[in-house]
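Structures follow.
What follows is chain A paired twice: with chain B in the first complex and chain C in the second.
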Partner chain A sequence: MSVASLNSAAAAAATPVAPSAPRRPGTLRRLLREPVAAFAFAVAVLLVLAAVLAPWLAPTDPYDNNLSSAMAVPGTEGLPLGADSQGRDMVTRMLFGLRVTLVMGLASVLLGGTVGAAIGFIAAFYRRVDGLLMRLMDVLLSFPAILFGLAIAAIFGPGIPAVVLALSVATVPLMARIVRGAALVVMRMDYIEAARATGMGDARLIFRHVAPNCLSPIFVFATLRFGQVILLGSALSFLGLGAQPPVPELGAMAADGRNFLFFAPHIAVLPCVAIFVVVLTFNLLGDALRDALDPRLRI
Partner chain B sequence: MLRHVVQRLLLTVPVMLGVLLIGFLLMQVVPTDPAIVRAGPTATPDVVEAIRRDLGLDEPLWVQFGTYLWRLLQGDLGVSIINNVAVTQELGATIGPTLELMFASLFWSIPIGIALGTVAAYFRGSVLDRFVTALSVAGGSVPVFFLGLVLIWFVGFRWQLLPFTGRAGPLWTIEGWQAVALPALTLGGVFIAPVARMTRTAVLEVLGAEHVRTARAKGLTERAVVLRHALRNALIPVVTLIGLQIGFLLGGAVVTETVFSWPGVGRLAVGAILSSDFPMAQGTIIVLSLGFILINLVVDVLYVALDPRMRGA
Partner chain C sequence: MSTLLEVEGLARHYPVKKGVLVQRQIGTVRAVDGVSFSVKRGETLALVGESGCGKSTTARLVLRLIEPSAGTIRFDGQDVTHAGGAAMRALRRRMQIVFQDPYASLNPRLTVGDAIAEPMQVHGIGDADARRAKVQELLRLVGLAAFHAERYPHEFSGGQRQRIGIARALSVEPDLVVCDEPVSALDVSIQAQVVNLMKDLQARLGLSYLFIAHDLSVVKHMADRVAVMYLGQIMEIGDKRSLFRDPRHPYTRALLAAIPHPDPARRGKVTPLGGDVPSPMNIPPGCRFHTRCPFAQDRCRSEAPELRAVGSNHAAACHFSESLPDAGLDYSGGLTEAAARRLALYDAARRRAA
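Our next item is the complex of A and B:
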């Protein structure tokens, strides 16, 4: 993947987590009132910033190896987090690993979420295809993401594109169900009836009136799904089905570190901790976003 | 009830055919020609052509699909490219250990998850509840391999308490039990979080129900109210939800097997894909998928059987 595409994709990473996106004012303020939510929001912003600015923040190139410092422990001079098995600076690797992992998760949520949302709107709007579409979604839903990962890696060969495709396919039915449910509620509203009465076309009706009122559940789901997708994607990379070495991806880095676990545990542990922090942050943020956007959903 | 089962069975047929078709097409898009592989590197084009005819590879695709289904029905999933062992033989040897690992993981994690969820729901809003909720959010964010590596490092390497590679025998032997302990702690460890969360929600819902109020009103002890009237009713959704989480469990099992070199289906599938052993990859993926369709069918039927209210739906 080119640096330019990484840049734009990483920049876009900020979009689904920005709670200001749904148009109701005050969402952000309500979100930040809870201390845990405010903390998660701050950490999420920092993580996205670190990923976007990785090329400028990182002290070295992520592929620069220096075998004389291989497996250097954290705290070694000039290597605050140590070095990996090839003597690559762990600070750099972690920053770029975060970047690749976040882009992988974002691409999966965007791709799967868009297709899923389209299917959800179509199912809610055209009741004739509703049954068929939703049965298809049930079928997709009955298979675990790991099976898509295995099958797609078998067909196209292991790599980041295979992981993104697998996680997108696994995201489609979930998003479709959520959007269909939300759209069905919105479509019972009087203003939809009124808009229809003005002779508005279907596409315009969906984009102008139905979709904007379904944004809350979409954003909540996308945020929560982002964390899950990263957990799944890094697991696929850990298995060797995703990012291939020497690409810095947190799951692949953990897999590499596993081989040196007893000599230099930091090589495996640091990427694992990073994955945990990212997933936890977005899980907390998703929960908080749900509470802030739709108090009825609070359990 | 019977109608529901028949309906579900009929729905399953096209899905199974779809899985088989995808599995079949998998072999069509992979870059290796089975005839060339079978013939070996020194074969002349004539020989390759003869083998191709022999294997039926010159027939139209739909005829090949028919032959493939027919062979599948006879339990023939082909032969590994790497070591010439029948795919069914390898699958037969690895399914047992995978089920063993899943069983050992569920054995300890489900009771703990249910207990945590019930306690959290009962003391709703207390410090205890907050602790369990925090634990389940954090637990749901831990990569399986992280937990596995931590256990290997401390329990296996530092304290040398338990073995951490491979399987040593069936579960009822001491060696077998010791070997499965760390993998089962790992896989069960990540399973506690969803079980606790689902139980908490289900128990909260039941605690507010009228029959629980009645039970309290007639002077039953809190113990009887919670255990017999609330938890028992809450268990219906929990049991089915756990059934639906089997997919999540399989995902964790694939990773756990790799971390602990556990000789299961997941490790077999990953190894086959990484070594481009297409027949083996195809066989494992098909069998895992069909297994899933069956599990979903059973869970669905169980759900209706356990909860009479679902029967009309």
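Our next item is the complex of A and C:
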């Protein structure tokens, strides 16, 4: 193309007939276009609503026990999902248990994930502290989450906050490693060098150029970890370090029902089904969200 | 014309270390090893050479995207090598870069409009509306449409992306644009488009280019002056016409002779260079080209030649640049008279047919 024809092309583009781009669907709309994603989103909304509105939805108080209906099977008059070993309504227990479980899982992943991601970005970006930070992460990695739970419960006393803290600490090194790896790859790209050449500050470089391009592995790991954290939290509750007995928590309820597996399987099975639904829903939602946020997959 | 960029003895050495716990240096990669050149306002200096000769490293050193090990860079009289925070930021506004790979040089998560506006935003130029208007102006300048601003890089072809990269570089109205092989990743037809656009923009905006390339036909079209690099040093530098007509360094001659040529009468006269480029970790003593030079003498193996003037605005780093035997090749791309006539006839026939 010669200079002259280029200029005329430029002039042609400048005339008012320039077509306008069609409007692009937003992130939420693109998320909901996929049937599986839309379903996962709907279920997640229902789960969260159920957890938030538990005090209003639940037919009874979660601590009301009625030993005469202990281990009532589902379908018993007034107890659609039966009652547990203490005769507490399973519907109520599940709603409140969902509440505790969701908060525990989300809080641990958000807290541990944020701190871990920050450490990962810092290690990738400031290579001088990379060795130090990563060896620290290695030390954290070498302790099992249960051990953190024991230590933290010993210091602060058992309870949900202790579980969240322990699970967050156990999440930090994993997220840090994943983010560091992703960031190191992104930082070798030419657009990072181009961004540096404009003279922008480090914060802008990280938040606008490095971090957005590391979102895929972060999302995948966060959703995966959400499921793991709920199971770990249940394990801690089972050990008596997490939710303390009367407090309903899905993992603790499942552990409680273990003793009655032969006589009243619903006491253990129902909370497990709930955990399964929660974990599956958030995994599907995480995958879909990752795709919806990636402009390369936009149509 | 005043001098815009002055580079003196620029070097970048990378230590090579061995050992896990106790590291000791076992050598040095001399990627760039004492390079000096200058670029005048409105001029294009092309830096050519084989892969791994240090062209791209030189480009990044000039912009201080890599810190130099030695040497000085002066931009419009200001020292770049030691410029601190604010001074460096101000300098960055006046020097921009265009990359080789149009698929890697644009952030896939930013719309084209945001990518082009970002340098302006960083330097606090204009408000959001002014920047949006400027983005549209720039898009038109590089032959794209204003509505392209809302699209993402993956929606464009390689040539279009390269033009977006150029628009981004121009958004802060720089004086110098460092082009690191801006067309070598593109198809030949698109290369012409981008090269012509760059020439057009240079004429319009008075830009200076430091143009890195390994394709000599592109260099011949773009450059005012040419510097030939080999193993981290400049072998020959000079005015494009003089250098292409009368190359005074055996390496330049070998490079020029390697350009595909339409004249069949040349066949047989060209001997391609043998061997490989030596490792920059282990640079040969004396003249660094002597291992591959068809004219190497004893002196070349012991004494490194200085870059010295061999004509007005033309210098070469060869002990024997005056006495090099004439290879009988015309490097300027001219044809023998008979071949030229044949080509003209063929061209005319094709035009009639069209």
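Observations, loosely collected:
In the analysis below, the second predicted complex is superposed on the first by the 203 of 299 C-alpha atoms of A that agree within 3 Å, B and C clash if a C-alpha of one lies under 4 Å from a C-alpha of the other, contacts with A are read in each partner's own complex, and residues count from 1 in each chain.
One rule holds in what follows: contacts are C-beta pairs under 8 Å (C-beta built on N, C-alpha and C of every residue); 3 or more make two chains touch, one makes a residue touch a chain.
All of these numbers come straight from a predicted model, not from anything done at the bench.
When both complexes are overlaid on chain A, the residue A:S68 reaches neither chain B nor chain C. Set against each other, chain B and chain C differ in how many residues of chain A they touch, and the higher count belongs to B.
By the touch criterion stated above, A:H209 is placed in contact with chain C alone, chain B being left untouched. When the two complexes are overlaid on their common chain A, residue A:M189 makes contact with chain C while staying clear of chain B.
Of the two partner chains placed by superposition, only chain C is touched by A:A197; chain B is not. Within chain A, not a single residue is touched by chain B in the first complex and by chain C in the second.
Note for the complex: chain B touches chain A at residues 11, 15, 18, 22, 26, 29-30, 137-138, 140-146, 149-150, 152-153, 157, 201, 204, 246-248, 250-251, 254-255, 258-259, 266, 269-270, 272-274, 278, 281-282, 284-285, 288-289, 292-293, 296. Looking at the complex, you find that chain C touches chain A at residues 60, 63, 65, 88-89, 92-93, 95-97, 99-101, 104-111, 118-119, 122-123, 140-141, 143-148, 150-152, 154, 165, 168, 172, 192-193, 196-197, 199-200. Taken in their complex, chain A has these residues touching chain B: 135, 139, 142-147, 150-151, 153-155, 158, 227, 231-232, 234-235, 238-241, 251, 254-255, 258, 261-262, 265, 268-269, 272-273, 275-276, 279-280, 283-284, 287, 299.
Across the complex, chain C is touched by residues 1-3, 6-7, 9-10, 13-14, 18-21, 24, 189-191, 193-200, 204, 208-209, 212-213, 295-296, 298 of chain A.
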